[in-house]
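Below is one structure, written out as structure tokens; the observations come after it.
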Amino acid sequence: MITKTVPSATDTVRLYRTLRYIRRVEEEIARIYPSDKIKSPVHLSIGQEAIAVGACDPLMSEDFVSASYRGHAAYLAKGGDLKKMMAELYGKKDGCAGGKAGSMHLIDMPNNVLGMSAVVGTTIPVAAGFALSLKRKAEGNVIVAFMGDGATEEGCFGETLNFSSLHKLPILFVCENNDYAIHTPSSKRWATDRLCERVATYGMPAVRIEDGDVLAIREAATRHIDNMRNGGGPAFLECATYRWREHVGPGEDYESGYRDRNELAAWIEKDQVPRLGGMLSTDEREAIDAEIESTITEAIAFAENSHFPDTNQLMAHVYAE
Amino acid sequence: MITKTVPSATDTVRLYRTLRYIRRVEEEIARIYPSDKIKSPVHLSIGQEAIAVGACDPLMSEDFVSASYRGHAAYLAKGGDLKKMMAELYGKKDGCAGGKAGSMHLIDMPNNVLGMSAVVGTTIPVAAGFALSLKRKAEGNVIVAFMGDGATEEGCFGETLNFSSLHKLPILFVCENNDYAIHTPSSKRWATDRLCERVATYGMPAVRIEDGDVLAIREAATRHIDNMRNGGGPAFLECATYRWREHVGPGEDYESGYRDRNELAAWIEKDQVPRLGGMLSTDEREAIDAEIESTITEAIAFAENSHFPDTNQLMAHVYAE
Amino acid sequence: MQNKSTHSDRSLAYVDALREGMEQEMADDPQVFVFGLDVDDHKAIQGSTKGLLERFGPERVFGTPLSEDAMTGVAIGAAMAGMRPIHVHIRMDFMMLAMNQLVNIGAKAHYMYGGQVKVPLVVRSMIGKSWGQGAQHSQGLHSLFMHIPGLKVVAPSNAYDAKGTMIAAIRDNNPVIFVEHRLLYYTEAPVPEESYVVELGKGRVCREGDDITIVGISNMLMEALRAQEILQDAKVSAEVVDPITLHPMDIDTICESIEKTGRLLIVDNAWTRCGASAEIAAQVAERFGGQRAIPIKRMGFADTPCPTTPALEDVFYANPVTIAKAAHTMVHPEDDGWTPNPEKATLSYQSQFKGPF
Amino acid sequence: MQNKSTHSDRSLAYVDALREGMEQEMADDPQVFVFGLDVDDHKAIQGSTKGLLERFGPERVFGTPLSEDAMTGVAIGAAMAGMRPIHVHIRMDFMMLAMNQLVNIGAKAHYMYGGQVKVPLVVRSMIGKSWGQGAQHSQGLHSLFMHIPGLKVVAPSNAYDAKGTMIAAIRDNNPVIFVEHRLLYYTEAPVPEESYVVELGKGRVCREGDDITIVGISNMLMEALRAQEILQDAKVSAEVVDPITLHPMDIDTICESIEKTGRLLIVDNAWTRCGASAEIAAQVAERFGGQRAIPIKRMGFADTPCPTTPALEDVFYANPVTIAKAAHTMVHPEDDGWTPNPEKATLSYQSQFKGPF
């Protein structure tokens, strides 16, 4: 079911631009990947962009996001610097972490993107700690914490929900439920699919959105975020989605047997990039697309032209002054 | 609300005996404690006995229990050896672990009492591992896993529920909810009190019993255990109760300010020891009481007469052959 | 605020010194907060957080659910956001639940994120001993943290250092594992009232001597001092060194002492294998290895879990007599049957030393 | 079933040797089962569990939820109940979530419960390297486990030992931490088809030499062998020792080698501070300390988290050239500018050795 909400024209432009931008960045990453210029494993969000875009749309620049190793979409949706991201993927010194992070640990603190982590679930309580500081500052800011469905199986997930609700922290938990942890479907990992019901027992609103509709996600996120800006405490969104590519790497993996290409077909129909694009005039869309392409081209050039860090950087930043 | 179930005469005798036995053993421990003959911290279950007694009553000798450091009641309710327990508390070589365990790590494998742990929550998944082996054996045996309310806050609790339900393990989780973790009430630790509701989302029956009624606990335990003997999978009981004594040690602590003696008063009224005792004739009761006293006297004498282990035992049992 | 004079007319217990250090930093810096299981109850972590709730309120002093893993993550996140959390564990054993956050995030964040964040976090934990603490309430696991670059580890042995390193740890912009020992809580030392820093990474020679260097860690420093007294009887002059910080370790002070004594005995309140004592021994061996043969010996927990019964616990730990005997044997290998006068030994067990030594 | 002849006409990859060892034990003993994240998917932990599901079925080969803490408890409970679980982690870094169960229960149960239970558990984990693994997918954390009495730790460097120690670990009645290295997975060695045991706690001299003893751990043994070839060029004769098991450690074999060479270089695939290399250095220092001055040096990870970019990762690890140079300097301190012929060095990097060496 595609939501009935009609977005304003500027909303549509903005949402389309971000959706398309993320899609194209990751398609470019996939294209470049076989050249070995990208120096770390990449976990692509292609097909899942609507969640990051919808959930980040209500955010102000003073708000924060946190995400997992599958974090390109959240990074870009929150306004993370693409040049620094690409240089980081290339392992270059102008990368957001000077080459020490790679794709799995992206960070952009000037744009309020917290550092990502390759250990599943670990960023969830860290985001809550950030939320605690936002609550103390009492300036109405919030954090959106993205996680996969697998991450909800880690003990720290429930621990964090309890603590966040107890302290009414301004944190929106967003589960990107693509039904797989690597190659294992949730039916083999979850005793039941009553996740939202479980989360609600911690005393926070918990909503599942089935169809990946960027407008529905945005609407739900907006409602909860507005509420928590006024002290309303945490909330939880479970967004069904689908990972189009393999778990890690640039390719597809439908031939490997653990899932069927039909699953993909159903989700391609719901793809939000053409859907939002369809709401724009051809001229508008082409202008946006062209702008995106040049942004990406520039970022890739930036990454290519940046240098690898000097070996003396190995010892830098082990301890903070 | 005291349940209407009328137990049979033999049931009443058996339940009374076990309740009274555990109560008296712990009262004796409290009496001896100031003499410093007991060589480890003791966490008494006085006031909470009905849970262990009710939940263990349906067990066969081939079934198992696991418990926390507050485990005397579970140990004794399952038929653990009192002499070995007392000698263990005394740090003697005839103790169940030759003096290496003390009160917090009691074990009696010949009587199917698993080893206890002083790290909150750790025995919960260990019990599930045991349950996995019982499922593989497929002889209809079960394990009852006791835990405090605080233990349900540890991540491993939710992780274990999910795994146990996914694999339909024969395990009855029993939460002894005395509303405190050391001196902190659950209102300061739990975002909500919707524990059973949460557990139920893992796909297992979850029932809260409010009044510490040993017959109601026994009835619920029996129903679930019977079900899991036939492949029905795990279940959860939350039993409200009250710790009469201090968290650790033999005394009371109502003067320390964190709780009110009125709380105790309400629970003394519900005390199951006199309740069950009142269902017996005076003669019957006195005979049981006398038998209990002599069992305890014997066990204490056993502990007193046992020797401390030789220092060469220090190096024994670090590795199994 | 650098190392002030260690003189003070006021004698203070270790537990109160810890509290005072935290209190002064909390008064100075509103970003400092204290949390963890039971920090806000009437027992106040054996008294070490007493009064903080009353003074600073429940936003800055609060208990938590039993959720060590997530609470560590919360502490790390709050620290990245510019706060300065002090996360308290009443036993070091429970920190095993916090390993993932400490090792995989806390220790690495500053580096892995290219310096974009700092993690100014103090993790306090107490090592238990006696009263039947047993295998799960007695572990000194500091070496696990020493192993991980990005963490600092400090283990003060006396009230003076407890306050000064606590203040240093709170001001440090890195995660600092703060190792306390329950048996030290009621030992006293002269402790200045004003705020002062004992710099992390500097050790101290507590007793000068010529024949052997004894390094004592945490409360084993206390036992080493007792052993030193016993050894005087046998005309063995031991130099006793307190590393104070375990990482970064002040190996120079230890090696200078060895230059003089030519022998090294390390006594830890932990297992020796891959322990702090192994690290010190290895560094000393690397330094002197080519040039001079240094007799080296480590003592620590017996190579077993800790038993509950005192009959076995007594032989689980090093003590003044076993330390003195080991040192004596190292100095006089020809006479390794030496045993201290039992009366003297008993007396020495009761010796109380007023730090900072 | 004791150490069989190491000769075999069949060459097998490390990954297949692991799998074969597990498979043979599973066939022999119905209590053995394998579980952990992704053991049952088509990638089968880089191939190391391939075919086991098909042969033994989903009751004995199954994936789990992402719940390392509880799954470790489940493994320990099942082991106490008489089963023999093999719990698999695709990266050692994730074992930080399993520390509480391993340290506080698994390692202590047999002792703390007075011998009433045993914990015959194998915990497999892989150390990652290269391809941008970065700080959280590259750690060799074996020393954390070596520190804890009650655990055993083994780190085979080649296919022959991989199979033999796997079988030994499964048959062992204690928790064994089984350390694998991703870069070793496709290295080959002659591996007998029949079941055999490589006894835990016995090391092996892989190359004989006179000038220096090089101990290599896990895949650093491979690098040490390459360094040994480079050193031949400079007429330095290195003896290379593989400890195989890290705890219990075969220190006698190492010390016998040092008796001959008089020098020790330890190269670990881990940090050195409080590491396996510290332990070896400390034990050697304790043994020789009084009598003979032994030059000792440790090499391992740089004292930093692991960076992602190859530009920095290259200098994070020891490699044949840095090992050879360090060894050369120890043997010829007067000539510490020596550098191997770059061509020769490049060639040596490509050397493949067929274990068991």
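First chain written, first letter: the chains are A, B, C and D, and each begins at residue 1.
Keep in mind that, in the parts below, a residue touches a chain if its C-beta (ideal position, glycine included) is under 8 Å from a C-beta of that chain, and two chains touch if they have at least 3 such contacts.
These figures come from a predicted structure and were not determined experimentally.
> Common contacts of chain B and chain C?
Both-contact set = A, D.
> Quick check: more C-beta contact pairs in A-D or B-D?
Between B-D and A-D, contacts are more numerous in B-D.
> Which chain's centre, taken as the mean of its Cα atoms, is farthest from the centre of chain A?
B
> Could you state the distance in Å from the CA-based centre of chain A to that of chain D?
From the centre of chain A to the centre of chain D is 37 Å.
> Report the inter-centroid distance (CA atoms only) between chain C and chain D in whole Å.
Averaging C-alpha atoms per chain gives centres 31 Å apart.
> Starting from the mean Cα coordinates of chain A and chain B, work out the distance between those two points in Å.
Each chain reduced to its C-alpha mean, chain A and chain B end up 46 Å apart.
> If you look at chain A, which of its residues touch at least two other chains?
95, 99-101, 105, 117, 119, 153-156, 159, 162-163, 166, 189-190, 318
> By the touch rule stated above, which residues of chain C touch at least two different other chains?
64-65, 67, 69-70, 93, 96-97, 100, 104, 111-112, 134-136, 149-150, 303-305, 307
> With chains as vertices joined when they touch, what's the shape: line, ring, star, complete or other?
If you draw each chain as a dot and join those that touch, every dot ends up joined to every other.
> Can you list the residues on chain B that touch chain C in the complex?
39-41, 91-92, 95, 99-105, 117-121, 150-151, 153-155, 181-184, 188-190, 256-258, 308-309, 311, 313-315, 318
> Given the complex with chain B, which residues does chain D contribute to the contact?
Chain D residues touching chain B: 59, 64-65, 67, 69-83, 85, 100-101, 104-105, 109-120, 149-150, 152, 173-174.
> Would you pull the chain B residues touching chain A in the complex into a rising list?
So the residues of chain B touching chain A come out as 153-159, 161-166, 188-192, 194-195, 197-198, 201-204.
> Over in the complex, which chain C residues touch chain D? Could you list them?
Per the stated touch rule, the residues are 69, 93, 96-97, 99-100, 103-104, 107-108, 111-112, 134-136, 139, 141, 143-144, 146-150, 247, 271-279, 281-282, 284-286, 288-298, 303-305, 307, 330, 333.
> Name, in rising order, each residue of chain A that touches chain C in their complex.
That would be residues 95-101, 105, 107-109, 114-115, 117, 119, 122-134, 136, 155-156, 159-160, 162-163, 166, 316-321 of chain A.
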